[in-house]
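Just below sit the structures, each encoded as structure tokens.
Consider the two complexes below, in which subunit A is the common component and subunit B and subunit C are the respective partners.
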Partner chain A sequence: MPAGWWTRKRHYFLYVVREFTALPLAIWLLWLLYDITQKTSTFGPAFVVFSIFCLPFALYHSYTFLSLAGSIIHFKVLDRPVSPRLIVASQFALWIGASVVIGFLLVWLAR
Partner chain B sequence: MPDKRITIRATRYDPDRDEKPRLQSYDIPFYDESMVVLDALNYIKSDIDGSLSYRWSCRMGICGSCGMMVNGTPKLTCNAFLRDYWPGAITVQPLNNFPLIRDLVIDMDDFMHKLKSIKPWIIRKQELPLGAGEHHQTNEQIDDFRQFSECINCMLCYAACPVYGLNNEFLGPAAIALARRYNLDSRDQGLKQRLPVIGDAEAIWECSFVGECSVVCPKGVDPAKAIQQTKLDTTMRFVLPYGNRE
Partner chain C sequence: MSDRAELLSIHGQVPPKAAEAHSRLALAHLFWWFMFAQGGVIAAILLPVHILFQGILGPLGLVRVASLHDSNIIGNPIVKLYLLVLIAVPFFHFAHRLRYLLVDFGVPAARSLPAQVVFYGGAVLVIILTIYVLLTTAPISF
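Coming up: the complex of A and B.
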């Protein structure tokens, strides 16, 4: 395999982008873990800027992850398989619901 | 349209004479709108150069022999129409990720060993005598595995899979899809025999869900889906208290 195999097809390229988006998230998480172990956790402006930088990566990674859930999760209700579209839609609904709850909690706790 | 012509660039490689594969161009008549790449290769072999080597058999997308890279994409050449490429040239190369034997012929031994390793046949703990009758199966039970049973072993998915290209120890898309086909079959009792092969680090867990195997499959099988579902199922077997059932 030539090193540039992932540039040969759009599908390969999007796959590499999808996998790559996990990298900024991993760095963000390590930074977060490091910061909260410090005696005076600051979450300074650099961390805020980096968090904003990471947000699109996180959104794209979540979007691709949840979109693929329809291929992975399979179960039957009343002996009939649940449609992959319904599974994906429910995953997105759960994601949005959880985001709203966590956002609300963060705002509420910060008051 | 007697004057219509098309250029076919085909890989030529004679292991006794050539150091590495090269492309050779052939300008051939495109006399029929229903012509496929395999027809073009057959024209070259019969009218221009009889030494061109390639595999083919049924000409109707069922034997799985004529898979090649057509303009960089794995295709059954009997199902790749010249009209979709004309007036551009068509480059025909051997399937990616396999050792080359000659011209467009690849060595498929690796795939054959992998296919055999997942035991793609119905396994019974105890065979019943013929007189005991047939195994009944409902349409719903067939639907559970039907699409995975469409695989014709054409190996296009292996040629499309970068994971297999980077590590040919990987069991690969078709073999895992077929393992799932038999594991989901209500007549089969061979799951425990296949688990050590499909659950191996070089099997389902090597797949990173590129998904190109499912894109190129000429029979509409979704091997990527089979692999991810097998990951979920084997994990559930491990996690759930009743998971280790047959």
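Coming up: the complex of A and C.
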């Protein structure tokens, strides 16, 4: 394959972005782990800038991964197949629900 | 090849030994595939809200966010267990994606067994490291 194949088509580019999301997210989690080992917080301006860089990748991973559920999960309720759109919607609802609960806990535990 | 194995393969059947190896391989595949999927789910559902609150809103001072340096929080066994899942499990997903990204970028060596050992071994290493960090930072307290 020629170098730069992934810049030729939008579809290829988005595929590479999707796979690449793993790298910033891995570094973000390792920073979180590193922070736990330190006496005081390492979450300064550099971490804010890096997090602002990571957030779109995290959201893109969530969007692409949860959308996949519609093609992967197939099951029937009362002998009728559940529509892929309903399955994807339930995944997104789970994501939003979990985010609200975790966001609430992160703030509530800071009291 | 023994007579029996030869006969079986002539008849289009898999000799018992090969079948056993094949099912072991399938089980290994199932395990890594399961970890890949779980890592993807954990990262998809949990990561954005953590990045938003702990990485952006908290450090900017817009919201007071739970500190990882508060022994009441980091000492809680449920928090430790949660952090283990949040930090370590996605690495099985990341390892798989980055290995295949290398393959797609023209690094066929990323398909090799040593590359698999490096990438998935790395994910196992992150699990061990995370357990070590969580067990040594703050004593477990309720």
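Observations
One rule holds for everything that comes next: the second predicted complex is superposed on the first by the 109 of 111 C-alpha atoms of A that agree within 3 Å, B and C clash if a C-alpha of one lies under 4 Å from a C-alpha of the other, contacts with A are read in each partner's own complex, and residues count from 1 in each chain.
Here is the rule we use: a contact is a pair of C-beta atoms (placed from the backbone, for glycine too) under 8 Å apart; a residue touches a chain by one contact, two chains touch by 3 or more.
Please read these numbers as outputs of a predicted model, since none were measured by experiment.
Of the two partner chains placed by superposition, subunit B and subunit C are both touched by A:19. Within the superposed three-chain model, A:47 lies in touch with subunit C and out of touch with subunit B [touch as defined at top].
In the superposition on chain A, contact is made by A:107 with subunit C only, not with subunit B. In the superposition on chain A, contact of A:73 is made with subunit B only, not with subunit C.
Legend: residue contacts after superposition of the two complexes on their common chain; A:3 is shown touching subunit C, with no touch to subunit B. Touch criterion not met for A:89: it reaches neither subunit B nor subunit C.
Contact comparison for subunit A: of subunit B and subunit C, C touches the greater number of residues.
In the superposition on chain A, contact of A:11 is made with subunit B only, not with subunit C. In the superposition on chain A, contact is made by A:58 with subunit C only, not with subunit B. On subunit A, the patch touched by subunit B and the patch touched by subunit C overlap at residues 1, 6, 19. Contacts from subunit B toward subunit A in the complex involve residues 72-73, 97, 140, 143, 162, 165-166, 208-212, 215, 222, 224-225, 228-229, 231-232. If you check the complex, the residues on subunit A that touch subunit B are 1, 5-6, 8-9, 11-12, 15, 19, 68, 71-74, 79, 81.
Note for the complex: subunit A touches subunit C at residues 1, 3, 6, 16, 19-23, 25-26, 28-30, 32-33, 35-41, 43-45, 47-48, 50-52, 54-55, 58-59, 61-62, 65-66, 94-95, 98-99, 102-103, 105-111.
For subunit C in complex with subunit A, the touching residues are 40-41, 43-56, 58-60, 63-69, 73-74, 83, 86-87, 90-91, 93-94, 97-98, 100-101, 104, 106, 126, 129-130, 133-134, 137.
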